Amino acid sequence: MVSGLFPVVLNGAATARRGQILVGPVDLTLNGGGVCVVIGPNGSGKTSLLRMMHGAARLTHGSIDWACPTPQARRAQAFVFQRPVMLRRTVRENLAYPLRIRGARRREALKTAGDWAERVGLGGMLDRQAPVLSGGEQQKLALARALIIEPELLFLDEPCASLDGRAMREIEEILVTAREHGTRLILSTHDMGQARRMADEVAFLLHGKVHEFGPAAEFFTRPGTPQARAFINGEIVE
Amino acid sequence: MVDLWSGLVQAFWLVATLDSELVEIAMRSLRVSLSALGIASIIAMPLAALLAVKRFRWRRFVIAVLNALMGLPPVVVGLVVYVFLSRSGPLGVFGLLFTPTAMVIAQVIIVVPLIASISHQALRDLWEEYHDLLISLNVTQWQKIHTLLWDARRALLTAALAGFGRAIGEVGAIMVVGGNIDHATRVLTTAIALETGKGDFALALALGFVLIALAISVSLTIHWLSRTEREAKW
Amino acid sequence: MGVVLALALGSAAQAADVMKMAVTTSFHNSGLADVLLPEIQTDLDLEVQLLVVGTGQALKLGRAGDVDAILVHSRAAEEAFVEEGFGTHRREIMYNDFVVIGPASDPAQIGTAESAVDSLQKIAAVEATFVSRGDDSGTHKKELNLWGNAGLDAEGFGKWYNAVGAGMGAALNTAAGMDAYILSDRASWLNFGNKGDLALLYSGDPVLFNQYAFLPVNPERHGHVKNDLAMKLEGWLTSDKAKGLIDTYKIGGETLFVFNAAQVQAVAAQ
């Protein structure tokens, strides 16, 4: 996949709602490829950072510069939410929806939807109504629906929160495959095991700011700050 | 009680013998109210969707007005429509007063706020649910509205049925703009008013029972026709 | 949705000629229209659509040009209507009469009244419950006129006087429910199905005669009105055939209307 998005440069980027800064100011440069895991205590701004980068939360300060024009950049991204949003339609129609939005023919969109359902293990459920699937199935569907447009960059906001171990493994397998195909992943999690398994880079957030950023191996073996060390060790960080 | 019983008996015979006058009146009721419902839905539902997804300055005001208009007295609507359609009114040249079209117009005005308000509530809830996903997918305003209307179709059906109930049971406005002309604008409700005026309570009640039966069968038919997605939890 | 629109636009099948006429509730309640209209349809190939309203509203419809002719019974208002140029002329067709209805027990003893005015005075004297149309209709105007003749003012009456603001039938329903006295036209009373304990207690005073007149709406005021059809209808209503039908129309063996149109082709009035 040709990378037209990266590098992306965040320069003093921040998002605020009703005067309250949710995350930022953030200075960060990300290159293409691999998995960037965003960790940090609850309320440190993980979700807000992802939403701000994706453009779902309004950028109130600073700038985010993609290597291509922003509208084009947004078209090359997808987002998977912590609580999957299920359209009140069948699995097949949920999967086809992003393609239809982009102007694909119905017949082709439904065919591609079938292929993707197979890939994530939902092949037998194509005609089930999405809202009645189990939590794990819903998240797999959400993941497939995000990947179906073949994004260059996929945001995942704690995709495995409240899922059991089996569902989590299946999701991680899909993510690994996506990374191998060159999709850049930015994944927030509070599960340190998942962070260690998935991360190529780590961004450690504290109080709405990027406290530490660097290659995963280095971060986990030699964290640069006492707070990061404490967080890795499972201590309470305030 | 005697009237109630003889009303039931009379209703039974009117229906059983397919009384030609009853059939004519009932069909006109259906035609007028279904036409009004169709037109009102085309206006009200996209309006409701727009109110759900678009933030504009007068949004709250429009919603409040729609909610208030749900309680609009039909006879007032009838009078206003009458004044507009009267030969001496601004739209008099079309000669629409005392025609079924005038009745459709009045019913559309009565029913639009009701359908729009109920639809808006359902669509607003659905929009809350879908918001993040649709924003993330960069959908256009039109795609948003289309998606919401399609996925909320069950709730919209309920809204439409409520509108139909109000339209077919309405008498105040259509009496004024239709004139209750025999073989031209007489419908079930105005016929009931007429028979009540003649003191023929049994016949009035019989027509009333027919009206209720008609409303119920339309509702059941629509539900039955739309009962295709059994698995759905909504 | 195309079907819906088609339904909305396609209105009733049209006869060769259609005209609209506003008539009073009392005329319609008599059932005479059901006898006359089919004959008119056959003889003239003319469908007369009736708008059944009070005299006040009938005149209003004529003023606005929403009907082609009116058939009402309130002489003063009719003459004003013609005078103001809304009607071409006024043609008397027939009359029936008003009757005083009340509870069969007749607490005001109006059964022995010497005149219509006397009967009302008796009712007012004992303040027996009375229902008034109160809707500016011909019947209502007649009633107010009678109170005036009796030297009384309905405005000053107490709780026993109930102006219901409704048509003849609805007012009769109210009177039946309240066991009240009421002034009604004979036809509405005879055709009324919910008499309860009410009975016809007084009638016959010539002052109670109720003249119906036909007034075509002036085409000079409203260019779209079908004056030719109205004139055709007037010709029929004053014909010998109409005379026969009107004079022989009976409810429960009672004659209701007396045909009294001046059968000269040139209309004298105006």
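Going in written order, the chains are labelled A, B and C, and every chain counts its residues from 1.
Methods note: a residue touches a chain if its C-beta (ideal position, glycine included) is under 8 Å from a C-beta of that chain, and two chains touch if they have at least 3 such contacts.
Just so it is clear, the structure is predicted and the values come from calculations on it, not from any experiment.
Here the chain at the heart of the structure, going by C-alpha means, is B. Between B-C and A-B, more C-beta contact pairs are found at B-C. Chain A and chain C, compared by their mean Cα positions, are separated by 80 Å.
Chain B and chain C, compared by their mean Cα positions, are separated by 34 Å. As a whole-number value, the distance joining the C-alpha centres of chain A and chain B reads 47 Å. Contact residues of chain A toward chain B in the complex are 54, 56, 74-75, 78-79, 81, 85, 87-89, 97-98, 101, 128-129, 131-132.
Interface of chain B with chain A (complex): residues 126, 129-130, 132-133, 135-139, 143, 147, 151-152, 229, 231-234. Residues 28, 31, 34-39, 42, 86-89, 92, 95, 97-101, 104, 179-184, 194, 196-202 of chain B touch chain C in their complex.
Every residue of chain C that touches chain B in the complex is listed here, in rising order: 1, 4-5, 7-9, 11-12, 20, 25, 29, 47, 49-53, 63-66, 167-170, 172-173, 176, 191-195, 222, 224.
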